[in-house]
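This is the structure I want to talk about, given as structure tokens.
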Amino acid sequence: MKFVAEKLVKTFPGVRALDGASLVLEPGSVHAMLGENGAGKSTLIKIVTGVYQPDGGRLLVDDGAGGLTETRFARPQDAQRAGIGVVHQERNLIPEFSVAENIALQAVPTRRGFVDRAAMRALARRCLDQLDVRLDVDQAVGSLSVAQMQLVEIAKALAVDSTVLLLDEPTASLTGDEADRLFTVVRRLRDQGHSVVLVSHKLEEVFAVADTVTILRDGRSVAEAHPLADYSRQEIVNLMVGRAHADLALQSRRVDTDATPALELQEVSTAMGHRDVSLRVQPGAILGLYGLVGAGRSELVRAVLGLETITSGVIRVHGKPARIRNVGDALRRYRMGYVTENRKEEGVFLDQPISRNVAVTVWQRIARAGVVRDRDERSLVEIYRERLGMRIAAPGQLAGQLSGGNQQKVSLAKWLAADCDILVIDEPTVGIDVRTKAAFHELILGLADTRIAILLISSDLPEMITLADRITVMSEYRIVGELDNDHDYQATSQAVMSMIHAGTAA
Amino acid sequence: MSAPLPQPDPTIATGPTSDQQVAQPRAVRTLPFWANPRFGLLIVIAVLVVVFSSLRSSFLNVDLTIVPMQADLSVFLVVGLAQLAVLSLGHMNLAVPRMAAISAFVMGWCYQHLSVPLWPGLLIGLAVGATVGAAAGWIITTTRVNSFVVTLALDFALVGLVSLLYSGVGDGVAFNVHPAGMDSLRTDTFSDYCMGNLCGPPVPLIVPIAVLAAIVVGLLFRVSRVGREILMTGSNLRAAELSGIPTSRRIIQAHALSGLLSALAGFLLAINSGAFSADIGSSFMLPSFLGPVLGGTLLSGGAVSVLGTVLGAALTEVIRTGLNLLQFSVQQLNIYIGVVLVVALSLDRVRQVVAERRGSRS
Amino acid sequence: AKKSDAGTGAAQSNTLSPAKVKIAFVPGGAHPYFQPWKNAAQQAKTDFGLGGVTYNETAGWDQTKQNNLLQSLAAQGYNAFGVFGVSPDNINSTFSDLAAKHLLVASLGSCPAGTTDAASFCLATDVETAAYQAAKTAIQQMGGSGNLVHLTGNKTDSNTQRRIAGVQKAVAETNGKVKLLQTVTDIDTDLQTAQKAVTDLLAAKGTQIKAIVNTAYNPAVASASAVKQSHLPIKVIAIDDDPTIIAGIKDGSVAATVVQNPVGQAYVGAYGLMKLAGGCTMTTPGVDIDSGSFVVTKTNVATYDTQREAKTTQLKADFDSKYLSCK
Amino acid sequence: MTATTSSTATAGTARRRRFQEVVRTSEFTLVLVAVAGFVVLAATTHGNLLHGATLTAVFQYLAVPILVGLAQMVVLGVGQMNLSVGVLTGFCSMVAAWLMVQAGLPAWLAIIAGMLTGAAVGLVNGVVAVVTRINGFIVTLASMTIIDGLRYGVHGTATYQGYSHGLVSLGQGSTLGVPNAFLAAVVVAALVAVFFRRAALGRQLLATGGNPLSARLSGISNDRSIVLAHMLSGLLAGVAGVVEVALSGSVNASIGDDLLLPSFAAPIIGGVALAGGVVSVVGTCLAALIVRLVDVAQAQYSIDPSWVNLIVGAVVLGAVLLTQIRVRQRGSRR
């Protein structure tokens, strides 16, 4: 099915999100939609799927006779009926429902008004099998990990038979393996004549699967349905950014390995199942903690922060044994911060202004006689708006109105403001555009240069190899190896993967 | 050790700024001032006042309408604030009535048996209210059981306790003491106090107490660190915890505040009605929600509006007084109150929608 | 400096002709007991040539709302009030507020708690005596011995306390022959609560109970039908003469009822207020006057009203002779 | 949780896990509490509780609390509230009684009309909430005051009595030893349970409550869910009203005054979230039973209601604390 969105305009109170963006989809192609955070990609997808109504422009679909007719999607159902399937950027699952029911939600198999459970489970299994995912379909979605939820969400889009499939950053919290399985499905759909739109900030995967590309900048399309092969990576980035963008040039760093570690774990075991985990991060060092999804990295640091129970072992902060009871304790007594991987649920306060989101960790410091002045908060936002390139209308804007990437920046800004000695950063660049990612990397390296100890968790191996001084590899709640990082992608990635496989086999 | 505001550190490479300034989204016109829900409420009240006073001129009678309305409003404003204190967390306090009752008992007992003067007695009552509230908060944080269940159970326990206390320790069902100052607080307005020919406005003496409470609560949630942290806790508990906010302490504090305000409301009602009796607070449950919710405070937490609560309480007071003056029979009265409420709020809703339309068209 | 009271309030002339007297009857809330007030008030209006009467039951058993209502009525030009105070403990403040505005108040149907009364007079059933009479009747019906149960309303109301005292007094007089098995309070809120409580009571102790004394409306209705349905030989003593209860007396499901005198309260109350407005004064301000209570059984169900009317006439005469002093 | 474990072992652990999940549910706790309460009551009253008349009384008056709890639960499921449940129950009772006494309709017709009245009021609640987008709390607050007025409008403060003897004897009678009123409530509860568990419409209601955005994106009309939930809630309140008419033999406008709080207490104690998305029919019924047992205990032991309230409150608070301590000791969080 050919599908065209023409000169779309969408205005939110205070922000013009789309300003004449167009999208042209040909059957049997994979189409990449690229743009910086806040460029309007998700907004465009929401208009095309009937979630939002455009303020201008029009949608055209194949009329079956080779021509195009104008159409309107007043509700998401309308778009579904027109054969448009979608995976939105934000997770949209019903936590209390089972995996099967979530997957089948758009097309619940019924018999005389009653849910046909067997058919529903079968449908769910079929969709999950396509992605090669093993999950108990009767499990409640609320108990899944972020990555599993994302996979369920993708399976949900596969459950309805759609000729156009829109994927808004489907791989943001997936590892390479799972992403590859998704792309196998994507290619198969393309070969069957479907058109797939892929929004992603991971240019490697875009180049691997996409045929054509549309690039959005400030709500306008600066490249429309152009063959991707015509562009180099650098040209794409330049188009997105709107000027020449230079990649990060890494200088080699020296870390004082003899210094007292800022954070040290000795044979820590947890109620979650970690056994004898030991690691150390010196001031000014970046320790990478790598592992496949579900390896237990996030849970380890949550245990360190007192959010889960530690059953044995010692934690030392600057050489002294520490008993961290909660994040407040970590922040105030040990000057330790934690940037969560789950920004929507734990990282940002969606219904609060950006200023409060950023200042929440420093209120204690900036309050005078218990009173926080708005001016102080606003100036704090200004600092991080500049440093992180946040795209916001005003400090008083609600965080929930920001694009996904900008929310991530808010989540990080809060901990940069907290001025910590030790920073645990969990999946920092999920959903972040290339330029900002580079900026984040620079920033993290810069933080390390100011002798902040950084424990970096990332499922993005290239990112890990770019940033880490040492990489500790975790698999199934144990440390399975550790290596010095020489920033050579080929060698290091092979070494890491073999550690994981050796660990799993054991 | 006071650390200064973190400044951009010159040693840190400052990402995108080193290239160029990030293009910020072009700010389009924001919402017009009349899009504010509080403004709509004010209009609704104003319209009702005009309608009622044109139907019944006695609506503007100072002694018989305006003054008593202010006195009642003071009580229900504080009652609303008591609920608002925990609505900020997305919690509910179903024990507001009985927190008021138990505090009123203690105050009455102190006045009667210890001859405590009026104001110290109030302080004791407030302390009792805050303690009971804090206990509710503590149970909620340690058990993580829904605040609805905990405060409902607490309300039950206190209902029993209060009536046992009155029949056991007290004298029947009320204390009939009138400590010095209580009567003038009830009956007098500022217009009773004159400097030469200059008399104060016809405002009952208890109004400033309620106004003070509103201002303090308003400032707490608007500018203070503790208030903001309570709101953040209400907005997203997990994110608050992961941002280093001592969420348990904030929850306990918000409930303590709720208890304290309940006690104050109990005191004001006792002043207004003339005795510290066992039925103080029994009519507080619905009004406690009415003021804040009409004023735009959501039950889901994270945002409160003190001004809205003032207006919400005022709206109910105006409707009731106005319809009283129109002398409906009991069933008509209730029917009209409901209808006025729905119609007024629907119109307000229309205004809001129009405002939003205007706002998003540049 | 505090302004003296002299200047406040409309400088009301000391005497008002009946045609200038507008009386508002304000019960505590909607309740069958008060229904006769409506007609009695109209009757008083025509008989005494009053300027106006109104009956307004919107208080909803909430003292704040009742105060509100009274102020509204005053603002409407009503200058005399017959009030059943929602909360006997607080009602004196309400009365003195009205009095301070030079409005006349009579406490009708219920007297303020305590010994003082800020209204001009209180014309009401002596609830303790009524409850005592009811219990006496019950004891008599039981044959002088056995177990008695008392069902009543809101415990934190001083009238309830007085009723409990009345029943206890009657029981005490039997020197232990009659035992007050249980006093169930707080079941007058709604009919269903009363029905549930009575059913539970009968299920638990039905066989031990010989009589039930009711001093509240809903429990009376509930116990009459529950006893009838359970076929237990329990004597039910009800309260008031709502059609339902009178029907129960006639069909035997209610052994007796203690009837009060709402008509007399409203009618004679209006008379007293009119006289006071006309320049009379109370010989004893704040006097409590018993409006009478009457035991009705199957034998006098047809005639009790005559007895009650006589009492009303008597009360009116007493006002002229005893309670009022007129120039 | 690795995929390499053998299937039999998985089945075993799965069964054990299921069992543990069941044990951890609030329904299980409620069953324990209810059974314990019942046993203690039966034992300490020398078996009085097990007598036919007592048991009948216990279950007869359980019907209305269950129905009213369900009426509230349905709207809680979509994340709304219905403050008019109590007065609506009373109103429907009065309408049904009025139709029989004053309008002379046959009982069965009056009953149907009573229930339809409830559904109609619920429908209005839902439509107003959806069309005006005013918080359901406020809409039903307004309808609560309106219905309160209407309820008194039917017959003032007076009591209806002596309507259809057939209906009353049906309402007060028993089938195979089980009180008919209770039977009716159980049947309705079962229907509600099936509706939420199996019916596509019921699942849509829960989807709306669980995550409205997600439901909308999946093609579910949240507006329809909300209207439907309010209508069902009204219908259930109507059923409660007519059960009351049949059960008690006399009704007046005071009916329903004390039902609002219990209507919330039953589902919430039964494990229903205020935020929506979760319902528990079994939990709601059990919670209503537990509350009912308290009434019974009061009558059996002749306890002063003040003590009852105090003890109930204290016991609930204590239980809540104890459960938590137990969970803590096991060291499992969340």
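Note that the chains are named A, B, C and D in the order they appear, and that numbering of residues resets to 1 at the start of each chain.
In the analysis below, contacts are C-beta pairs under 8 Å (C-beta built on N, C-alpha and C of every residue); 3 or more make two chains touch, one makes a residue touch a chain.
Since we're looking at a predicted model, the values are computed, not measured.
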| item | value |
| --- | --- |
| Of C-D and A-B, pair with higher C-beta contact tally | A-B |
| Centroid-based (C-alpha) most distant chain relative to subunit B | A |
| Centre-of-Cα separation between subunit B and subunit A, whole angstrom | 41 |
| Whole-Å separation of chain centres (CA-atom averages), subunit B against subunit C | 37 |
| Whole-Å gap between the CA centroids of subunit A and subunit D | 43 |
| Multi-partner residues of subunit A (at least 2 other chains) | none |
| Sequence positions of subunit B contacting 2 or more other chains | 163, 167, 330, 333 |
| Touching two or more other chains - residue numbers and ranges from subunit C | 30, 155 |
| All touching chain pairs, where touch follows the definition stated at the start | A-B, A-D, B-C, B-D, C-D |
| Interfacial residue positions of subunit C with respect to subunit D in the complex | 30-32, 35, 155, 181-182, 184-186, 189-193, 195-197, 199-206, 218, 221-222, 225, 229-230, 242-244, 247 |
| Residues of subunit D defined as touching subunit A within the complex | 1-3, 198-201, 203, 206-207, 210-211, 213-221, 277-278, 331-333 |
| Interfacial residue positions of subunit B with respect to subunit A in the complex | 2-3, 5-9, 11-17, 19-31, 223-226, 228-229, 231-232, 235-236, 238-246, 302-303, 356, 359-362 |
| Of all residues in subunit B, those that touch subunit D in their complex | 94, 139, 142-146, 148-150, 152-161, 163-164, 167, 286, 289-290, 293-294, 298-300, 330-339, 341-342, 345-346, 349 |
| Subunit B contact footprint on subunit D (complex, rising order) | 128, 132-135, 137-139, 141-153, 261, 264-265, 268-269, 273-275, 304-314, 316-317, 320-321, 323-324 |
